[in-house]
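Look at the two complexes coming up: chain A is in both, with chain B in one and chain C in the other.
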Partner chain A sequence: MSTGSETRLAGSRFGRAPLVAGFVAVQVAVFAAAYLFDRPTLYAYFVVGSTAVTAYAFTRDSFAVVTATAGSVLFVALGLPVFLFVARQQPGLVAEKALDPDVHRVLYLGVYGPLLAALFSLAFGVPLAHLLAEGFPGQPLVESLVDLPLVVPHSVAGIIILFGFGQDGAFPGLSVLGTMTGMVLAMTFVSAPYAVNATREAFEAIDDRLEYAAQIHGANRFQTFRRVTGPLAARGMMTGGLLAWARAVSEFGAVAVVAYSVKFFYLPAGERVTAQHAPVYVYNTYLQGGLGESGAVAFLLLAVSAVIFLILRYLTDDAATGGMP
Partner chain B sequence: MGLYADVTATFAAEGAEPFTVDAAVDVESGETVVVLGPSGSGKTLLLETIAGFHAHDGRVELDGTPIHGRAPQDRGFGFVFQDYALFPHRTVRENVAFGQRYSDRPVADADRPDPWREDWPTTLEPAAVRVENVPLPNPDTLLDSMGVGDLSARSPPTLSGGEKQRVALARSLAVDPEVLLLDEPLAALDVPTRQSLRDDLADVLAGVTAVYVTHDRTTARALGDRIVVMDGGAVVQTGTPEDVFERPASPLVAAFTGANVVPAEDVPAFRDAVDADAEHLAFRPEHVDLGDDAATEPRGTVERVVREDATFRVTVSLGDATVEAFADAPPAVGDEVGVSVPADRLHPC
Partner chain C sequence: MNTATETTEEGSDLADSMTIFHAGSLAPPFSQAEPEFEDEYGVDVTREAQGSVASTQKITQQGRSADVLGTSDFRLIRDRVVPDFGDWYAIFTTNAMSIQYREDSPGADDISTDNWWEVLTRDDVTIGHSDPAVDPGGYRAVMTQQLGAEEFDGERLYDQSTYEALRENSTVPTGTETNLEGQLKSGELDYVFYYQSISATSELPYVELQPEVDLSQATSEYANHYAKAEVETDSGTFTGAPIAYGLTVPNVAESPGRGAQWVEYFATDPGRAILEEQGLVPVDPIVVPAASEDAVPDRVMEVANAQENLGPLEL
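For the complex of A and B:
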């Protein structure tokens, strides 16, 4: 799809990187001006208009102009709120929240809980994904079950977890209401489909004959997984884990039902503390302290998530291109 | 001794009729049996079934020992795939050495190749005289013998098709297989590469027990000690290349091996030359002699002349039947020619 315009851009006398940088610089400058003059509406129009003009200038292709312009409308809906959200933060309030030990605990829990959920999803989702990629009788039934959490409203997911694992549930000894276990179970319920599906796609992309080649030359199925299919699907597993982690970080409904407040072992303090999962805490702050305070907390959560996401992305790219064990 | 397989396996694909492969192959020790058949004849599925990749009924025996209950890794085979199937995340050398770590046998030293294997891989000892703990061939020596020793540190996706297939061949020989299974190893290669690799394959196959699947009759004739012709999942003829090419069992085999097939009643001159009461007569184009002697029967009209390497392929119409022949000095299109075939070259089928 993109090759046509890429070729054209590459063929012009500018390199592509400076072009992109220039476009971004113009956008930032116009946004800053619109914000300073308190007219963000103007920037929304500018995004659509400048996209159309840029598309025309570089492709002279009316179809490309239409797709780019239509796409930029979605950008106004998705990107503009984030820009305004970041621009309108009060630095003092953000700094105050950043130094608040309560917020530290929330951020710790908001990263650590989803990490456990993602690891849990991968540990049992990778074998399931391998099975699904190979195919087996009754597969459609299992596929529906795996995808079920995607269509269940999240508060309903929380209720389901309480019925399944709460009092009178499958494991009476297990305490889920307000515990780390409950929070991780709720997060796993909503995020495991992402881990399974991304990993499954990676397994399906591997030619059967590579598995055959490994086996006929002496590797049993475990060794084939360890040395051939596993490494070849490693990137898919990392992507699946990342998606599951990101999904769990953003989970509000299921966690709010199962573990509104969570008692957990807080490593920096070396003791058990009580805190709320970050989205729950943001909502709570919004109800009690208003938009400003909750915005500051939300900003911190967004920043931490973005940094972790970028680090993991960088590491997975490295793992995919670099040497494998 | 050698490999014996008589297997039945059914394959179901979505939206297609189930396809059943029911075929028997018998390979003597040291022999190369070529399984020849058109696309969709089930020859690759047969090979994969013998290898143990698919659930199947029937028997697979190696030197008299049943192995059909074993997993692929315990059957003692090497396998060369049409599309190479090299591990893309490992270097060429790691690919070749892949199977050796799962063997109990040591690996030969590169500097001091095992004396009785000096001329490896052209004279692999047959399974019967193989001794336990005889070292497996050294991966570097193997790559050298395949002419790709300088590629050992490369990554497979950066190789050409011919290089990939040489590496894949080295990988399958590195485990010193009892039987080498080859699935159209030349099919994905361009013509010059194919010819040079076919020559090297002939050297390798001279010393191993092998089953070689192909749809290419030229390769089959060049490499096979015996040929098994398959169609529709079943064996339609088994024999020496001479048998299959000169004495095809059916018009279908005749057509697929490139022989002329004519209905006997359409060419009375040929029918009268053979005693047998046959529906069709098959004969190879290379035995057809085209002459302008007016007494030769039958007579036909030249329809097409096509240059083929050093010779010409001439298509002659005999009314309802068509005959192909080779001629160094071809007649012109539209000429009337006499078509003569020695009576002992006419095969009823």
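For the complex of A and C:
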């Protein structure tokens, strides 16, 4: 969810960083003014207008102006509510929540649980994605199964996990209700399709001839994967993992059913503690304390997630410079 | 809208659609009443079922509008809706706590009203209830467990150590009661405490509890006894009271006349029959607080009884 027009300008040419910074500064200033005068509508128009003008000024290309202007409308739909949400936060309340040890646990669990789910999805999703990219008999069936979780309502997904892996399920010894295992399984159920599909697209984008060439030069299939196709698809895997992670961070329904309160090992304290997944905690904070408090916690979750996004994007962009065009 | 009636003062309020926010435990009676009500009054009803607290906050925190708000504890309306978002409310039904289980729950063959605490305190029994901090069904489950160890008429069901053993076996696997049934069916929970209205409409077996613990009796004698229970949570301390459901027409209603019709419906025979069918106990006549009698719509006041209190509970 990077900011449409700016990154396009930054991505297409080098040496434009000061311009991008200037554009962002103007946007921030105008937003602040519109917010202070309680007229956010004006900012919405400004985003679209300023994007069109900027695109024209730098490209003189009507096609670029049309795409940038159209894109900025979506940016208004996605970005403006988030900006307003951020602007409405009460700094005192956010600081109070940021110092609350309970919130620390929630944020820790809210990052760590999804990380396990994303790693689990990748560990078993990458081989599946490779198979799907190659094609095999019965593939449409497997594809449908992989995509099925996308249409299952999330509270139903939780119940499916309970019935599948609960006391009467496939592994009666496995404890899922209120455990880390249950939380990760629920998250994997809703997020694995993203990991598989993104990785699969990356494999499909690789020229088959590279694989043949590697094999002609004597590499077996494992070596080909490790030296050629794997590295070429690394960025897709990273994107898939990131999408799966993000999906798991935001999951409420399935987690609330399977692991409302989770017992887990909390590294900073060096002991097992009980906490709730961030979206569940945010919702309960809303029920107990109202919009202000829950908004502050949600803001912190958003901030932590945004930082992680930026770091990972930075790392993947870096890693990808030598890879696929 | 050919039923738009003699009461001209409400004439302009009778829109052809209305919105109801209500507790999850009111979903069965409300969904059963919906088609009949729609036919009779020529109005399209939209309902949103959620926890009682969440339903109330949609009005008080999110600035949303509904023509009826129904909660599983009238005190939510008394304390949070009145006076800023409403002027009156009606206590229209009560409910009871009950214990539901599976046929293959450990001890299921032995359990009855007379020994439930003995079965529930056995080793390896897992009891579930919703989160006391966010759901009235949760703190009421804990109250039921507490009240068994409190004397009523000189007798109590069990001692303090049994109460502690019950707590030991209890777990909080969810925020609201809506998830408990799935968790019970999947075998993760062996017994769950929730409203009898839910138990009675589910196909699983359940145990009815003693009136001194089930919070169902809206009389002074029982209300005084229930008040001995006290549950501390992160969101405050809750004191035991009869499970008295509240209905109100918030003053942010877009069609208050339709809201009043809905309240009237549940204060009269057709609505009462539905409540009974769904395992609830209608209050007859419905009770409104005497202090806000003037604010109660005429059609509701005609079928209601104004009172100062309900046992020890101020209205």
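Throughout what follows, the second predicted complex is superposed on the first by the 258 of 325 C-alpha atoms of A that agree within 3 Å, B and C clash if a C-alpha of one lies under 4 Å from a C-alpha of the other, contacts with A are read in each partner's own complex, and residues count from 1 in each chain.
We adopt the following convention: a contact is a pair of C-beta atoms (placed from the backbone, for glycine too) under 8 Å apart; a residue touches a chain by one contact, two chains touch by 3 or more.
Computed from a predicted model, the values in this text were never measured in an experiment.
Of the two partner chains placed around the shared chain by superposition, neither chain B nor chain C is touched by A:L302. Within the superposed three-chain model, A:L80 lies out of touch with both chain B and chain C [touch as defined at top].
In the superposed pair of complexes, A:Y260 makes contact with chain C only, with no contact to chain B. When both complexes are overlaid on chain A, the residue A:V280 reaches chain C alone and has no touch with chain B.
For chain A, the partner that touches more of its residues is C, with chain B and chain C as the two candidates.
When both complexes are overlaid on chain A, the residue A:V152 reaches neither chain B nor chain C. Once the two complexes are laid over each other on the shared chain, residue contacts for A:L162 go to chain C alone; chain B is not touched.
In the superposition on chain A, no contact is made by A:A98 with either chain B or chain C. Chain A residues in contact with chain B (one complex) as well as with chain C (other complex) do not exist.
Interface of chain C with chain A (complex): residues 51, 53-54, 57, 61-62, 131, 133-134, 171-175, 179, 182-183, 185-189, 234-235.
For chain B in complex with chain A, the residues that touch the partner chain are 48, 51-53, 71-73, 75, 77-79, 81, 83, 85-89, 98-103, 171-172, 174-175, 181.
Only residues 207, 209-210, 212-221, 223, 227-228, 231-232, 324 of chain A touch chain B when the two sit together in their complex.
Residues 155, 158-159, 162-163, 166-169, 176-178, 256-257, 260-261, 280, 283-284, 286-291 of chain A are the ones touching chain C in the complex.
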